[in-house]
């Protein structure tokens, strides 16, 4: 792990997915203090960002935390740096899926009519999480 | 035969007029000197109190009289000695640059840069840079007033 | 026709090393208007200056060009020399052939033609120079200080000691400001009142200091040396001359109101002094809460007052006075943490801000100096301090660090342990910032000797449970969620600019940053000056700062003011803008771009077809104009020109360079 490791595939994908830049975080950990589901997490939310900052992709991919995240957005409401951590978690979940199962399906595979009818991303991710 | 081709053949050197605000960029030019940095002698500096003093007329006149490039340099936005002069300059000169382009003149011949009094190196870099860019662009044939040509 | 003399300096080999001096002098002889050209090894030396002076006389020169170092270096030297030879100092131009030529080029065949071009441009410009007058401005030997906190008091005492009269205008009934609200000061734990009160008394007794309390600035006009200020002295309803400050009135007064000084945690009477050490010790009647003003009955204070000082008929008085210099020292406010729902501030009496908690330690505070919970009067066992409430928060608060919170929190935790020995403090922090003399040591003492638990992390939620508060936070270093049963919570709320700072800034004519803190003229080199000449700033109105920094800045501002007041006359700017009123179309676009409000509209009368016509045109006040020239570039009809840098002069330079 090095500073150069910062630009891992996971971080870049997460950034593209969520539009959030982990380098904005100064680790005040208010997200963790506010999160209602930390009891079930193996990494606290602020630690997830720290891992992103350090480019610790492998460790992160093993974590349950992104899957525990309930997308309640309390962290996003509390963050003094205006980061939306819930979005970042979703970005990580997507990236994890692609990493584990390969990129099976892309938006290009869908017709515009199908795309129109698709539910929001969060809804899709909800199905993905709880249908297993 | 156009002015440009003839001059290029005769080992043409561009003439660059630099308008520098007294408090930042002119002082940055002084620092380039005290630091013994070099930039091409094609650049000649005219001192103005503030980039906000820059009437676009001065730039047009330089081109008319045969300057091949003009650069206006002022304090960085927010650092103006007169608080807000460079904001007016930024607004006025960017509109002016678009007007010049609209009129069919090469907008690359006109640049605005922010150079502080502590940026002697940046001053030298910018002056070198514009000289090279204008050299690549060739002589100003479009706006030059034929009545004001150098005597052979 | 101009009679210009050109003088080229060798500067040893600094110029002569790369510029052919003889060739330059020879070329100069051919410039239009040049009747004499010479050179010298060191023109700036006395001999060199004499050479110029003699040539002016001998050749009857009316203009001079010197080819030397940068005008930023020696322009004044040569202007002085020219003036000594009887020329107007502005009839001289400098061609910068050292910094802008000989030092940046290496080859003589490169530098020499450029030096000649620069000399030619200077000669072309100087041919159009006009003699300029340096306006001389009077200086009113009196300073105004806006704000009577520690910054204002310190600056006033310094100026008064230098022998100048100084007025402090304070909005509240007493001077003292924020520092008067503090119990102790870090990092030495001096009692705040013990070090402040003597200064307040000194200010009140100093023959050169006038306190104008319970007053605000209505209007500031004029410019450096001559600011005309209107000060509104609010009706006190008490005759300050008769009042002895005995206190019978506020003892007998039957109506109460929340005390501003105690942040609403205690009541004061309708006739009151804000705190016992108030200076001046003269009460005011708060007319909104006084029975007499509300219902027309009562007047107990008037009946009881031994010297009959109560005056219900008193009116606001507007004082008009002229000042040479102004120091703005209006201090800071505390952010209201109720914008953060998760902390529950304002919904529970045991959740306080830092400044409110401070008052609990004070013997004359709301609890008489006992540190107890406001809910049940019991001493707290567990106190949670939370840092960065609204500081370093770009989402809902202020993006900056408030600078003082780490230190005052450590101080309060230490004071708490001393008052309530079995109390335990917890501090949630993001970073501990203790730069300052003795600061780091002080904070470490809190952690090591006073058993203060520092937890790196933040608090996500506070909620009441039975008789305590549950603080739900995290310690990010251990990665553990922390839940503390707290008896009290203290929020280190951000220091913010006074809510009316923009209004004060507009009145005085100084600008502020995006947080409404006043801007200094230069962040490093001119920290107490503003862009408005003669107006200085000190203290927390410039940025959050602690007492030592505030006092240092106040003394610095005082020195600047003293320097200004000590001058017999001020030299104004000679290169100012000038409106050609015959040509001015009165569009007044120039007013909008002027950073100094130096341009105003004026009505002129013109003859028109035999009659007279009234017309609005622009007018420049040369005392306010600093000569930036923004107006000249804005003027559509080209009817404003800048003396010393006229359109014609700059165009002449362009032409000469492009020859």
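Just so it is clear, A, B and C label the chains in written order, and each chain counts residues from 1 on its own.
Simple rule for what comes next: a contact is a pair of C-beta atoms (placed from the backbone, for glycine too) under 8 Å apart; a residue touches a chain by one contact, two chains touch by 3 or more.
No experiment lies behind these values; they were computed from the predicted model shown.
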Between B-C and A-C, the pair with more C-beta contacts: B-C
Most distant chain from subunit C by Cα centroid: A
Rounded Å distance, subunit A centre to subunit C centre (Cα mean): 46
Gap in Å, rounded to a whole number, between the CA centres of subunit C and subunit B: 36
Complex contact set, residues of subunit C against subunit A: 342, 388, 392-397, 430-431, 456-461, 472-474, 476, 479, 481
In the complex with subunit C, residue positions of subunit A that touch it: 26-35, 38-39, 43-44, 46-47, 74, 78-82
Subunit C contact footprint on subunit B (complex, rising order): 15, 17, 22, 26-27, 29-30, 32-34, 36-39, 41, 44-50, 52-58, 61-62, 65-67, 81-85, 88-89, 92, 124, 148, 150
Subunit C - residues contacting subunit B, complex: 70-73, 96, 98-101, 103-106, 110-111, 113-114, 117-118, 121, 511, 531, 575, 593, 595-596, 626-630, 632-634, 642, 645, 647, 650-651, 653-655, 657-659
